[in-house]
């Protein structure tokens, strides 16, 4: 479903991604981890074109990102994305946050979108919070609204960019639970996270990155039981300790 | 102090109708200037922060030219120089056939000047709104135009209501510069009364009171608008950027 | 007290040129202030040519200034202060009244014309110049007199009696459709005339002659039309100071009667090639009140 082929990216002189290649199949849950600054977030932002890259190609659902003939907006509408800081629209209620893109991009009717939004809010356990503004919600609740907002576009793949790192510890699980349910329902997911518990429960593969390179790309149990590289070993030992 | 107060001149004719005429001109000039400057300033702010390089260059040039040249100089340029540099027939139209030439040119000048100031205010709002919601909106497949229309501009306007209010007030004060090209607004009319009666203190007190009343009205309007907006979504500190 | 003071002053004058110094303690109001401070302050203009303006050397000169200097000579005699100093203060029109009211200036010597509504605030000396509202126009405009301006565009300086005159003129039926544009200063008005924005610029005739003289397109401009209204320039002083007004008026009367005024006139209007108008010569004849 997603093919990443030899992607290089520079910020000026600084190379942040080098020779990154990977492929993600339908229904897979791929966890991307690695020390901070290793290029994880940059890599998944390349997948929906929020970040540009100078070399290589990424193909989503057989459509190349870097191509004049690709409608990047249409492509993005099929790829859901959840951000570290939720990024809800502060001037809109939960329902309005969720219905904006389906109404304006997919041109669905308001009634249809609102109905769908209520179902999605129920799915993430927030039926009672549809009329509230983001500022009236806790971090965990905001992030669950953000997930519902992405799902409203019926994406073929969901990208998660450190979805729990900005949350207080007691709220992490309510978000992870929603993500686990989503994974079990067969959604294709690419998740940048340090939550190794999540990876062990539902992850199909782990991509370990360091210094802009993909160092390991392994099946999930293998990675945890027997990491190949020293850097992955060091990383895991630090993560597990905490 | 050998000054002979005659407050009664303010209610004597023709001075009372001079003041009334001045007030009407100030309100019309400023109100129309605001109606032109707000959309134009918004457009410039969007161009300046938008993804198109040519737009950013045009926006930056506009702001630099119109904000940095003193308003009174701009008034003279519009009124005296502009008709001389355009093709002769158009110049003749501006000088002889345009209805209310000094009012119309003063209005154009004030609008373009105010638009440059509003553009900077709105731009600061757009920048404070941040790249987060922008990325979220783009990631959901919204085009740049829709991202600005439904997410960034509503956020920015809520953030900049206080500076926007003072810009609104500034238009009324700046409208008095139009007296330099012969627009008989409040200040010019009170000069006129001073010149005919030598009761300058009374005339300028009347002008001061009228300006103060206008300011008060604007503040009340802005307060009502703010209350309306806070009923319709998070505001100010609540929108505040994490 | 005031009447007694006045009597003393008048008595002093009656002795004419040979007046003995009057007693300082008898002076009141402006005269007393001038005597005490040893200075007379004249409010003048920056560029009201040829009446009151700053020349190339930044000196305050002009017809009105010379007239005021003669008045100061008289004040020197009346207050017995031969060493009296003259201070010039360049004053914007809108600042002249506050500065006069708070005592910063004692006389305003420029081109201020007398009007009844102004007299509620200030005092005027007797008139020292008569002007009429006329038209500055381009020589090729075909405008010869007021009738030629029907349906055209007329420029006037803001806040002058000329503006009042023109505005009431265009309200008369024959002038229906004639537009009036006001300008904050003469420079803007002349520029508008030169760029064909207006067909005629109307204000006091002597001002127009001097504007024409200074204009770049001097030869393409002409002052035309019969004087529509008459206005008289006078020295502005504080109201309710009859002693001082009497001194000023006496000085003017002597200036007119002695004929010295004609020398001053020639000095400032000779170069402009403007002969003394009939109206003006009558002002000096009538103003030369007998002793």
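As written, the chains take the letters A, B and C, and residue 1 is the first residue of each chain.
Throughout what follows, contacts are C-beta pairs under 8 Å (C-beta built on N, C-alpha and C of every residue); 3 or more make two chains touch, one makes a residue touch a chain.
Treat the numbers as computed from the prediction; the structure is a model and nothing was measured.
A.B. asks: What's the farthest chain from chain A if centres are computed as the mean of the Cα atoms?
C.D. replies: C
A.B. asks: Please identify the chain lying most centrally, where each chain is represented by the average of its Cα atoms.
C.D. replies: Chain nearest the centroid of all protein C-alpha atoms: B.
A.B. asks: Between chain A and chain C, what is the separation of their C-alpha centroids in Å?
C.D. replies: For chain A versus chain C, the centre distance works out to 84 Å.
A.B. asks: What whole-Å value do you get for the distance between chain A and chain B if each is reduced to the mean of its CA atoms?
C.D. replies: 45
A.B. asks: Taking each chain's centre as the mean of its CA atoms, how far is chain B from chain C in angstrom?
C.D. replies: 40
A.B. asks: Would you pull the chain B residues touching chain C in the complex into a rising list?
C.D. replies: 1-4, 6, 80, 83-84, 92, 95-96, 101-102, 179-182, 184, 188, 191-192, 194-201
A.B. asks: Quick one: which bits of chain B touch chain A in the complex? Just the residue numbers, please.
C.D. replies: Per the touch definition, chain B meets chain A at residues 132-133, 135-143, 146, 150-151, 154-155, 158, 232-234, 238-239, 242.
A.B. asks: Spell out the part of chain C that touches chain B in their complex, as residue ranges.
C.D. replies: Going through chain C, the ones touching chain B are 93-94, 97-98, 100-103, 115, 117-118, 120-122, 153, 158-160, 164, 181-184, 188, 191-192, 195-197, 238-240.
A.B. asks: Okay, in this complex, where on chain A does chain B touch?
C.D. replies: Result: residues 45, 48, 50, 73-81, 83, 85, 87-93, 100-101, 104-105, 133-135, 146, 149-150, 153, 166 of chain A touch chain B.
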